[in-house]
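Next come two complexes built around subunit A: one with subunit B, the other with subunit C.
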Partner chain A sequence: MHDYRKVSRASRWLDVRRRKLGMWAYALNRITGIALVVYLYLHLVVLSLLLRGPGAWDSFVALARSPFYLTLDVILLAGILIHGLNGLRIALTGFGIGVGAQKALFTILMIVSAIALWVAALKIFRI
Partner chain B sequence: MTENPFAEEPKPTSAWLWQVFTGVGLVILLGLHFIANHFVAKGGLRDFTEVVAYLRDPLILCLEVLFLLCVTTHALLGVRAIFLDFGPSELAERRLDQVLKVVGVLTVAYGLGVTWMVIR
Partner chain C sequence: MNMLKVPLQIFRYKPDQPPRYDTFTVEVPDTAHVIDAIDAAWAVHDQSLTFRRACHHSSCGSCAFRINGVEKLPCVTRVTDVWDGLTPLRLEPLRNFPIVSDLVVDVSDFFQRMSAADMTITCEAEAFLPFTVDSFAVAELEPKVVELPENFSRFNRFEQCIECGICMSACPTMAADERFLGPAGLAAIYQARNKTDDPKKVAHLLGLADGEHGVWRCHSAFECTEACPQAVDPAGKIMALRRELIARRFSKLFGK
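This part shows the complex of A and B:
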């Protein structure tokens, strides 16, 4: 029962149904954070292609310029923007800055994320 | 965990402060990394010759190494925070810290090793 409670407590941030905006912010930070850690290690593995020389790396680069990979780049950028800007809000409020306005701050930062993502997506697909 | 995380301010532990400092560093370094490697590079990615020339620039090399240190520290402190949500015992927390330190050192060593082998 004790262990169940621990798991239940930790998994609550995965279930944002009928939760307030704060829970969405918390869950988004956790979920994007996990996804970015997974991406970091995938990225490091992909970089090992450099050790196999120009042939291996340049073949990967050609593949990475395909629309499928460019779409993954946009998804990655969405995770970075959401995690980064939401993280800045958490850091500010952690130091007691803007605590009373953090719901508004979260909403504004997510709008900024959406706009930045839109601009970047256009740039990525025009390259 | 409270129902509404907005109602609870994070406690300023040293781990949390490191998470904030590396996070702020990442906003700058990841921004530069992403712009330099995906927006400035012709075709959105550098080919092998361009990667080698890019990494041989001393300023770029310093920034990329700093980026590796920041991103590894920030990522593993984030993993630690998630594990702490499960309320581990003190012993489990100490073990977790040891494992994450080893993973961190191996990650940075791997990154530095790949970089060194590419630019030598």
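This part shows the complex of A and C:
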């Protein structure tokens, strides 16, 4: 007997081909969730620069104002918005609220994410 | 009625061979269902091709497999609804089940999982077994008592659910937790819970739903409900169970 699961299970979480909107939400939540965990550790590494004194920190802050780092900030914010607002959809449906309208809920929350991200990106690049 | 020449790309696996895809072109009427096309492939091209089928009208759930990556019942899926007229129609077994041969998967674990849920009779009408066939109004037949096997003390019935396994294949969480009760199992628990007020049974059923492999494993992809051919809405049932579990926790927290 061939266990097909072991061959393909790693790819299942992100396989959205021919799937519906809920699967896109599922995949997005996984990608953003993993990315945010990686960011958390990077953040702690960056904060550890404080241990090396004001010089090390100030030089990092100067670097963080470059367009490349500001773009990373926007990507980070996109991850937070998508994961947070999609998490709100999951929490609401988990309470039995909006179960029948979960697709509309996801669409609305992602539109809110896009608007918030656009506004935030404008502000970030105007710093 | 026009005839179509449909290329089928079929997943093949035999226990002593590595998996592969075979392509067969079959000629079927434009009114044919996918099960007719695979029947033709078996009859004309390769009689070692294995697949399940029985009722041909979406009531047994035995023929379920994936058509172009999406779980469907081929007995009620028309070829013209899923074939683009150019590329081969890709037929693969259900996911999250061990493959026995070609399109046949081992569903025994699926049924054992249901049995582990210890769902006793969930329909009042079935509580009066052994029953007689006269309730089915069979013409010119004398009513008689149906003799059941000795160990046939209980059975499951999930209403609407045809136990095809489609939801278990569509669920992405099944890939993460092999012991996850799955959409069908949790929908069955919901049905069983709604059929009883017996505190012991309710506690048992909700305990299963609240367990490590229960409702909290679901991450709200809602693919089970999208794929279900019988409108069981397993995701809706999972959310309803969550709601009850949360309400009970709040009540306990505030001492009600």
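Everything that follows uses one rule, which is that the second predicted complex is superposed on the first by the 119 of 127 C-alpha atoms of A that agree within 3 Å, B and C clash if a C-alpha of one lies under 4 Å from a C-alpha of the other, contacts with A are read in each partner's own complex, and residues count from 1 in each chain.
Following the convention adopted for this analysis, contacts are C-beta pairs under 8 Å (C-beta built on N, C-alpha and C of every residue); 3 or more make two chains touch, one makes a residue touch a chain.
Quick caveat, the model's predicted, so the values are computed rather than measured.
**Q** Once the shared chain is lined up, is A:Lys123 touching subunit B (first), subunit C (second), both, or neither of them?
**A** In the superposition, A:Lys123 touches subunit B alone.
**Q** Look at A:Ser113 in the shared chain and tell me whether it touches subunit B only, subunit C only, both, or neither; answer first, second, both or neither.
**A** In the superposed model, A:Ser113 contacts neither subunit B nor subunit C.
**Q** Identify which of subunit B and subunit C touches the larger number of residues of subunit A.
**A** B
**Q** After lining up the shared chain so the two structures overlap, which partner does A:Gly22 touch, if you call subunit B first and subunit C second: first, second, both or neither?
**A** After superposing on A, A:Gly22 lies in contact with both subunit B and subunit C.
**Q** One more residue to check, A:Gly100. First (subunit B), second (subunit C), both or neither?
**A** The answer is second: A:Gly100 touches subunit C but not subunit B.
**Q** Taking the superposition as given, does A:Leu36 touch the first partner, subunit B, the second, subunit C, both, or neither?
**A** first
**Q** I'd like to know which partner A:Ile90 touches here: subunit B for first, subunit C for second, both or neither.
**A** Once the two structures are laid over each other on A, A:Ile90 reaches both partners.
**Q** Same subunit A residues contacting subunit B and subunit C, which ones?
**A** 7, 9, 12-13, 19-20, 22-23, 25-26, 90, 93-96, 99, 102-103
**Q** Given the complex with subunit B, which residues does subunit A contribute to the contact?
**A** Its residues touching subunit B are 6-7, 9-10, 12-13, 19-23, 25-26, 30, 33-34, 36-37, 40-41, 44, 47-48, 50-51, 53-54, 57-58, 61, 64-65, 70, 73, 77, 80, 84, 87-88, 90-91, 93-96, 99, 102-103, 123-124, 127.
**Q** For subunit C, which residues are in contact with subunit A within the complex?
**A** 13, 15, 19, 68-70, 93, 95-100, 106, 172, 175-176, 178, 219-223, 226, 235-236, 239-240, 242-243, 246
**Q** Looking at the complex, which residues from subunit B come into contact with subunit A?
**A** 1, 3-7, 9-10, 12, 16, 20, 23-24, 26-27, 30, 34, 38-39, 43-49, 51, 71-72, 75, 78-79, 82, 85-87, 107, 110-111, 114, 117-118
**Q** In their shared complex, at which residues does subunit A touch subunit C?
**A** It is residues 1-5, 7-9, 12-13, 15, 17-20, 22-23, 25-26, 29, 89-90, 93-96, 99-100, 102-103 of subunit A that touch subunit C.
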